[in-house]
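Both complexes shown next keep chain A, but they swap its partner, so chain B is in the first and chain C is in the second.
After this line comes the complex of A and B, so read on.
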């Protein structure tokens, strides 16, 4: 038998990681927690207020509106990007030079910095010099994303679809490529229709990448900031003010650090909770 | 149910159908995965396609099943040309190397799937599925998700999807035991054999494992480099390999082969300075080509006692004990050979040790003579008749 040796060297070994995590996550997070329970009146004057800020933030009707807007936006993004990305991946070429060409073209939107994406669409949608905006106006539509709430909303949504559908498509494509050819051959022998092949082979085999796609797209769209900030600045009115922007306005614009910190924590916990629930549910479904 | 005939099938993965009929101008001729394969599979037979990896057996299976179209040649099912028909139209079934089941379906839905796709009435589907599940011992798991089955059950289920079609033309197996646990392999193989007896569908079984092929099939087709070397019963392949490669590939260890010269009358061969009597049916010596003499390790006899002096001297270089027998490796002149001998305790055997020189005899009736790797005598056709 080998005696278990006790050694405190282990603490030394995990020390670098602990320090790294402390500075990258724990300390900043605790600072936010600290702010969220205090009213900071000046550099050296602060008052402990308990859960006051949480109560205040949760009762804020503006936040309710922003939350609802955010939820509708994220769900719309999922409802459009998943089927569209899946569809694109199904019609992508499987061999030859066309594969590389398609991959490069699809990856382009993903490689553009987010604020540049915003700028592109900000110009693209302009009714005077923007190709998209001007074309719509030429067609006789009353399109103007700087003045009309619906137009602004649709512009941001279309921009997100343009920006992120390729990610879903690439994920699905890699999933499709991983299906062994024997499955398609067996389906051909069993006389399966194209729909059956999709329903009983491709879709079940894509389940895992689809879970990843849903998680990524939900989280990212739920935290969207840069692109709408560049295109519409949250307007007109509050029509495109999503949660991140609301938070920024609270923290940086009005310098209400207490409520902003409280809201940050709620925001963080919500995303964490959603991902946990979603992941668990999908895993259960998978095991039947 | 169908008789399957392959007529001068050649296939290249680099060329389209018909490309081999035109003379290739300026271009290098494409690499052939199969060349001029002629085969006839009787209806209801159990066949094995045996060969090393890359010999073209899976390609041939794909051509039979309709997953591939041969670059040249015809595939006939019951005399009807189906070369350009799809797998579905040919009504064949295939069990793949890795078990293919529909993950989201239950076992019952899996079995019903090919029938539903063909638009059968629900009552008829249920009747057939129940019958097949009963035969395959899947009744207890019919309501399970197919993913819950073990690998061998999945292979049985894949086979079941073929058997539910009562008119299935043939069932093809592409190395179906690859992912099965060793101790389940034997059971599954026996089960396949039973199923074949019961249903009498044409079974074509591709494998590189000679044990699987020889125990499963009534007739084995041995392939190498895209060509059929020999077809025959396991016994024919063992006793009279038509090609030196068959002799080497079948049997464990494979056939001993010696380059030799044959004297004009064809009664004797010379191997490394020793005269060896050939079977009387040999006839005159072949005029040209490189000649080889083949004999199986099992057929070489040890010579003891007063006749020992007339035996061929073999210097023993290694002795492997296999429990029931020993494999002796030795040298006859410059040629290596292997001899299978019984244990010292068994009758007619003697202790053999490394460094000894033993005396052996090649019984004429077990000798095969090869010219340019092909058998010249005795004629295997005459043997079979």
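After this line comes the complex of A and C, so read on.
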């Protein structure tokens, strides 16, 4: 019997990655933690403030409102994009040139830079020069996303649906294509209806794909910044101001590093918590 | 995999931003290479080629570019020769400076930087980026102590900030001290019309203007001169259609064009133009002297003392509060009135798209030919609105519009400032190594020297020198500029000034304005509630500055007292007027020009 030799040299193999992660994640994170307990006004003007910024952030009514707004937005995004994406994937062609054509068309919004997406919708929604906005006004609707909170909210939501539903559709499509034909053949032999095929074959087989889609869309929509910033700037009022805009204003606009650091840590923990909850729930649903 | 990446993005994108300022140690030989000026509307100019060895030829090569000039040929040669001689210790040094993106700075970046490199051998990269990005770079250097740019063209709105933090070099000391050997003998600081803007309470000059433009009243002179419209206006309002002297007249004229005239030559017209998108530029709409136009603040130039146009009260150079309860005026009746009028006019008289526009989107709109007047118009747009072929330009190239002093609100009194003047000024930070500061100072002086300043004025229409404004070349060109020259030649221009010394931390305080204004625009908050919130937030920031301490004149907040103890008292915030809409007053444009002579 060959005796295994123990060698700690193997640890050296993961050293580069450890260093990389330290520089890209741990050091910045610790810097943020350090800043979050100080009031920093200059290189030589710092005051230790303990948990003052955390208390302030957690008690700020504007942030409570932004958090609620963010949550509603993310849940709305999931409620629309998931069934829509799934539906689109189900009707997508399975063979021939139409497959390539559909994939290219669907992928187009995903290829457009986020700030350009914002600019497109900013112009599209305008009632004077935008095709969408002008059309709505012509139909007799009092649409003005620059002045009306509901219109602004809906514009941002529709823009996100346009931008990201293709991602869900493509993910689901790849999941559907991975289902072995034998399942469909068995269902056909049993005379299963289309609904039964979807309910008992396609949906269970798409579970992992849907978990990824939900996590991706939740996290991305929870961190949304560029598109609403370009389209509405967070307005009118605060109607489309999401958490990331508060953070940007504090950290970049005001250079208010202490409160911004505390806020970014809380923001990070929120996302971590929600993703954990989603992941756990989805796994249990799958197992159950 | 992407999900993990996204986790990281959530926390570490912010962390990365914040960590850029993580090191506080000064770098003795900091380089300028860390900065990058890549953002929308940005660029840079530098001379890549090796400078010619025979630099005396460069003088003759570049002199034709610097015409016209208030200097004679020999005087120009002498100035350029000085730069060549003074630059000898710094030949081949690479320096980096930055400014905002306007025509003047683009000219500096693309032409003057190249000329300076060929003349002196100092390699200059002059980046131009958005104003907000300039402040961000400056803040980063101030917070980290690491050299990012060797000099900044930074608005003198930050004079109170620079002075109090002690991070900026006092140029007046530098010019007579360690920078004496690199200071142009013919710089003539007293020739600068904006010298007082860059002067701190200690009497020292910290920022020297490189370009200036004012915030003026803009109107369609051709429409205002039409007899049919004049008669119609007089019939309705009982006084002449002309340049409004007060806000009542402005409002009447706005109402007249939007709701009575409605169309001119078959095209819908509006009596007012503005912008209201929730955006940092919405803050400029207010911090750039809007409140002083309404009448917020005390008498005093360039800024009111003890209370300035931000409503910040100063006692013995220490800011003591902005709330009325502390003696400030940010939530006073005059301040609330100014916000209420802005919102009312935006909604009632401006095009329906205006509330969704930013500063830069709204700027060119008057040039489309359907705006009758604009109370808050930056003269930086002069060149853009003078382009041949525009609906607002005559066939002979002269403008159909004019600019004039802005009207004032009912709270305004003689002796107060009346408008805003943007003064982008050369600013040097202590954290830049001395040799780099010297080289950059040479370039800075070159861009504002009498040799090039008049040519630069014609390029960007941002005058800085009295000698240029009064020159024959400018007299000859005046008719093309719709009143710009007349304004700058008049003593009226002294009432147009930037943010002043009362503001202890411009970046932190300025960012508080636009979110609050935006909430008032939608009606989520009343103008009073929005200004109350703003005043409290400004006081909170000043309390933090007081706690942390500043190098000079840190805030010392007054204890809060009932508003009644301050309102209407001498040097206190103004009490509410019984009548905020007195009778409108106007003045014929020609009479106005006469009064300026």
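Operating definition for what follows: the second predicted complex is superposed on the first by the 273 of 288 C-alpha atoms of A that agree within 3 Å, B and C clash if a C-alpha of one lies under 4 Å from a C-alpha of the other, contacts with A are read in each partner's own complex, and residues count from 1 in each chain.
Just so we're on the same page, a residue touches a chain if its C-beta (ideal position, glycine included) is under 8 Å from a C-beta of that chain, and two chains touch if they have at least 3 such contacts.
The shown structure was predicted, so the numbers you read here are calculated from the model rather than taken from an experiment.
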| Putting chain B and chain C on the same copy of chain A, do they fit or clash? | fit
| request: Based on the superposed arrangement, let me know which partner A:140 touches: chain B (first), chain C (second), both, or neither? | output: neither
| What angle, in steps of 10 degrees, lies at chain A between chain B and chain C when each chain is taken as its C-alpha centre? | 150
| said: With both complexes overlaid on chain A, does A:194 touch chain B (first), chain C (second), both or neither? | reply: neither
| Can A:205 be said to touch chain B (first), chain C (second), both, or neither? | first
| task | Applying the touch criterion given at the start, work out whether A:61 contacts chain B, chain C, both or neither, answering first, second, both or neither. | result | neither
| task | For A:16, decide between first (touching chain B), second (touching chain C), both and neither. | result | neither
| said: Between chain C and chain B, which one touches more residues of chain A when both complexes sit on the common chain A? | reply: C
| task | Scan A:50 for contacts with chain B and chain C and give back first, second, both or neither. | result | neither
| field | Touching partner for A:96 - first (chain B), second (chain C), both, neither | value | neither
| Shortest CA-CA distance between chain B and chain C [superposed frame, angstrom] | 27
| remark: Overlap of the chain B and chain C interfaces on chain A comprises residues none
| task | Under the touch definition given earlier, write down the residues of chain A that touch chain C in their complex. | result | 24-25, 27-29, 31-32, 35, 39-47, 126-128, 144-147, 149, 212, 215-216, 219-220, 222-223, 232-239, 241, 247, 249, 251-257, 260-261, 264-265, 267-268, 271-272, 275
| field | For the chain C and chain A complex, residues of the former touching the latter | value | 2-3, 6-12, 14-19, 21-22, 24, 132, 136, 139-140, 142-145, 165, 167, 276-280, 351-353, 355-358, 505, 507-508, 511-512, 515, 518-519, 521-524, 544-545, 547-550
| remark: As the complex stands, chain B meets chain A at residues 65, 67, 86-88, 92-94, 96-98, 100, 102-105, 113-114, 117-118, 145, 147, 158, 161-162
| request: Write out the stretch or stretches of chain A touching chain B in their complex. | output: 180, 182-183, 185-186, 188-193, 196, 200-201, 203-205, 288
